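Common to both upcoming complexes is chain A, partnered first by chain B, then by chain C.
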Partner chain A sequence: MKRIDHRIWLLVPPLLLLLVAFIGPVTWLLSRAFTQPAPGFGNFVELWEHPVYLRVIWNTLLISAITTPVCVAVGFPVAHAMTYANARTRRWLIFLVLLPFWTSLLVRTFATVILLQRNGPLNAMLLGMGIIGQPLPLLYNMTGLLIGAVQVLLPFVIFPLHASMMKIEPAYMQAALTLGADPLRAFFRVYLPLTLPGLMTGATLVFISVLGYFVTPAMLGGVRQLMVAQLIQDQIGQFGNWGIAGALSLILLLATAVLLGLLHATVGLKAVAR
Partner chain B sequence: MGGWRALRSAVCVMVALYLLAPLVIVVIVSFSAASFLRFPPPALSFRWYDNLFGDPGWMRSIAISIEVLIPASLSATVLGTAAAYALIRGRVPGASLILGCLMLPIVVPAIITGAGLYGVYRGLGLNGTRTGLIIGHTVLIMPYVVATVSASLRMMDARLEDAAATLGASPWAGFRRVTLPLLMPSVLSGLLFAMVVSFDELIVSLFISTARVRPVTVLMWSNVRGDFDPTIAAIATLCFVFAFFALLLEMIVRRRAGAEHT
Partner chain C sequence: MTTTRRDILLGGTALGLAVAGGIPARAATDLKGKTVVFASWGGAYQDAEKQCYCEPFAAATGATVVQDGPMNAAKFRAMIAGGAPDWDVADITIDFLYAGIGDKLFEKIDTRLVHTDRLSPQFVNEYGIGCIVWSYNLGYSTKAFQPGSQPRNWADLFDLKRFPGKRALGDNVVATLEVALLADGVTPEKLYPLDVDRALKKLDTIRSETIFWSTNSQSQQLFVDGEIALGLILNGRAYDAAKKGAPIAISWEQNIQSIDYLAVPAGSRNRDAAMLLIDTMTEADNQAKLANLIAYSPTNPAAFKSIDPKVEPWLSTAPANVKQGFVINAAYWRDHLKPLQERWAMWKLS
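== the complex of A and B ==
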């Protein structure tokens, strides 16, 4: 008989905490969808029948779908520079990207509000340079939300991309170039496919983060950018409507799970801690 | 290739400005003499810091944040390290599945965790208590410790621990004298990040706190949504400085340990 590894007991306290303070409460919330106000699928029927709810769900998906490619496009060159810079520059770039990552989301979003105000520094600069004749409306609309969201989420694409790029043999690109591919073709046919694991991981992380976004749309977006997370809070805080809140939570969680499942099926889930 | 290099550098500079400009502006505005958020400020002063430190409401919130952060980050570090050690070194069936479950609090949107805790806490009278906040924060920040410590355990040579065992060290002595000292940098780095995450946590705290027990982020939240004055820029600056030093310390710990960031 194999002896039991006694180290297994070390798992009991953390798993107990997880069960009591996380899995339990989340399950309780999700189960409200089927129990309140009456048992059954009534809440889902209500969601389906009210265009308001559907519009918020659609909005949320749309905002995620817009934010993700923007993050990838902006993050890619930065990850590339980070990968091929000398050690000193790399350390600076990492510090630069990590600093906002460690700074409170609330603080950064508040800072963006000041930056984007009607008479804020960005508008003042653009006016001063004569690029615009009137202050641009940068806050409480899609523009503000996008500017704030990309800023917050850039590290989530930069670090996985950087990790992928570090693994690419420089010889591959050289071979493609020597064999006569022009640089652009070599990039799209050889380099880009090799970065796909990092790119997919980063894009998925951004997409699922935006799906559950709460602080940024509430502070930078307008009424038209109402997203699912805010709707859940309103349903509980203002109407005490736990059933609808549970149903919306279930949809949000399922969407997140499906995306992570797809990521797992394509590139495999590794510990994407940082 | 030259064109790409130039473009890449340009994007990096723009991103640097994009990431740092808002933070720099907040710091400057916090020293403004004007009573609204004008930039650049007409004159400089410390009045918003005086305002902040003279306001018992803000001071009480800062105190509550710290009273939650210390026990939560310490217990998350102990529990997270224990879990990582058991999963990576122990022969645990289904270890990777358990590891995945322990990561769930990062993956599940905070709004769901917050609403669930609020609902369950109602029956237990835990809403608006420090205990409730500590429990909630611990479960939210534990994954960061598990991730950091398990990554470093995977890179550590397990034969060092085997050697200790062969030489007659009990499992506990082996852990305390061999494993833990080698793990210390990543445990510390997990602890620092856990402290920062707890201090910054807003969404779950928003649900489970009340006007009497309100962490600083929740008070900031209720202030930024109305007409705000630069006091909020002062508290934001303090949060930023806290994060800055925590990150600096973490990078030093890592460099000392010789583990390069990847």
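== the complex of A and C ==
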């Protein structure tokens, strides 16, 4: 008979915390979708009959889907530089990437507003250099939301990517190059696939984080960047309608699970298995 | 004068306690040992309320007033659903008052304890007493527009030729539809029920030039930063921006007034003491003090006798301003908010 590994008891406190602070309330909210105001599927029927809800969920998924690749594209070179820099530079890079985490989200968002506004430093600089003739509309649209979201979420892609890159043997790339692949081919066929576990982790974290965004779209986005969190807040805050809020949350949860499941089935698992 | 008023008030206390609670009438001043929990929106506003309503009330009655908050509709509802509310008096918005009346969230105002006759009648409700009035106004930059060519009314806000430049509206269906219809020539008397199609069509005409703010501080910031030349802003926010040196002025034409109410959550354990705290709020002196502190407009017209003449022009209920505007139709919004919010969201995504 196998003996129980007693280290397993260490999992009890975090599991209890999860149960009380997360699983409990979330189950409670989601179950409201089927119980309030009346038992049954009334909330889902209502969501179906009022197209705005599904439109907003779609919009939310779309915004997440745009933000995620941008985040990966911006984070990838940083992770790469971090991996191959000397120890001193790496420490600095890690510090700089973490720095935003030590500032409150609201402060950072306000700072972004100041930086990007019509008469802000960025527009003033571009105007002064003669690159643009009119101030660029960088705020209250998708651009503003993207800039705000990407800078907040970068650490979530950089660190997992960095961890993956640290494990890649430099010899693999050398081998590919010696065997005749040009650098681009070597990168896409050898290097990039090896970073996939980290890349997928990072992308997933970003994607999920953006789905629940509330402050950033409200302050940096325009009216077209309407996201589901705002609807959920309206339903609970203004109408006390926990049922619809639960149903919205459940649909969002399921949509996310399906999407991520598909993504990982096609790209992620293959990468891990390799 | 204060003594007389207090005498009336305390007479009311004894009566109220005796009648409502079936408790034997006690010494008039004796609310000692009673604790009233007051919930509001925090910040400078609640500080002012504490100083102008709660402290005079505590001094006069011996009751203790505990400050709590911030007021939150979901929290309020959860409290009532839980049986015993933690709050005795809450500062609530007009839409929550009207929504909450239908859901039986409030105690009826006891007119034997609250001097509703002190206030302008349009600010008194059966379930809540208006404590401050604020309004949606057309604000404009005095740098962008010189006297003589300044925007005056909502039609000007929609006039891209005469008033070019970025403009602002709130990202909120409430008041925005009214503004669009007023701009399109509908008179305040004929506004309700709102012609939503017409309003959204009107909004289409300036959509590309409009920034929709989602918080009041944002509306203020847009003016301070020169991001917009004109737009919808609340009077108190414009006052604050002007005080801090922003080149901003507001027009009072067709101002749309809204009211914050004090209400007593249903099932409050200190109903009578709560009513008496609300009564303290209705006194002209207390309202004037609050207006001088943070420039929210009083509901007791007598308050203007002691309001700073520098503040008065910014107040929605100042005699010159109150008659140019109208109170938003909260009953209409209660009945139509949900479908109209859905329409608004659809319009935003379109």
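Basically, the second predicted complex is superposed on the first by the 233 of 274 C-alpha atoms of A that agree within 3 Å, B and C clash if a C-alpha of one lies under 4 Å from a C-alpha of the other, contacts with A are read in each partner's own complex, and residues count from 1 in each chain.
Following the convention adopted for this analysis, contacts are C-beta pairs under 8 Å (C-beta built on N, C-alpha and C of every residue); 3 or more make two chains touch, one makes a residue touch a chain.
Given the structure is predicted, the values throughout are model-derived calculations rather than measurements.
Colleague: Does the superposition put A:W48 against chain B (first), chain C (second), both, or neither?
Modeller: neither
Colleague: Between chain C and chain B, which one touches more residues of chain A when both complexes sit on the common chain A?
Modeller: Comparing touch counts on chain A for chain B and chain C gives B.
Colleague: Look at A:F188 in the shared chain and tell me whether it touches chain B only, chain C only, both, or neither; answer first, second, both or neither.
Modeller: neither
Colleague: Just checking: does A:F214 make contact with chain B only, chain C only, both, or neither of them? Give me first, second, both or neither.
Modeller: first
Colleague: In the superposed arrangement, which partner chain does A:Q238 touch: chain B (first), chain C (second), both, or neither?
Modeller: second
Colleague: So in the superposed three-chain picture, is A:Y172 touching just chain B, just chain C, both, or none of them (first/second/both/neither)?
Modeller: neither
Colleague: Determine, under the contact definition given at the top, whether A:P25 touches first (chain B), second (chain C), both, or neither.
Modeller: It touches chain B, and chain C stays clear.
Colleague: Would you check which partner chain A:T103 touches, where first means chain B only, second means chain C only, and both and neither mean what they say?
Modeller: Once the two structures are laid over each other on A, A:T103 reaches chain B alone.
Colleague: Which residues would you name on chain A as touching chain B in one complex and chain C in the other?
Modeller: Common interface on chain A, chain B vs chain C: 113-114, 117, 119-120, 218-219, 236.
Colleague: Can you check the complex and tell me which residues of chain A touch chain B?
Modeller: 5-11, 13-15, 17-18, 21-30, 32, 74, 77-78, 80-81, 91, 93-100, 102-108, 110-115, 117, 119-121, 124, 151, 154, 162-163, 166, 183, 208, 211-212, 214-215, 218-219, 229, 232-233, 236, 242, 245, 249, 252-253, 256, 260, 269, 271, 273-274
Colleague: State the interface residues of chain C toward chain A in the complex, per the touch definition above.
Modeller: 72-74, 77, 95, 99, 103, 166, 171, 211-212, 214-215, 218, 221, 225-227, 337-338, 341-342, 345-346, 348-349
Colleague: Within the complex, which stretch of chain B touches chain A?
Modeller: 1, 4, 7-9, 11-12, 15-16, 18-23, 25-26, 29, 37-40, 79-80, 82-83, 85-87, 89-92, 98-105, 107-113, 115-120, 135-136, 138-139, 142, 144, 146-148, 150-151, 171, 193, 196, 199-200, 202-203, 206-207, 217, 220-221, 224-225, 232-233, 236, 239-240, 243-244, 246-247, 251, 261-262
Colleague: Taking the touch rule as given, give the residues of chain A at its contact with chain C in the complex, in rising order.
Modeller: By the definition above, chain A touches chain C via 50-52, 55-56, 59, 113-114, 117-120, 139-140, 218-219, 222-224, 226, 231, 234, 236-240.
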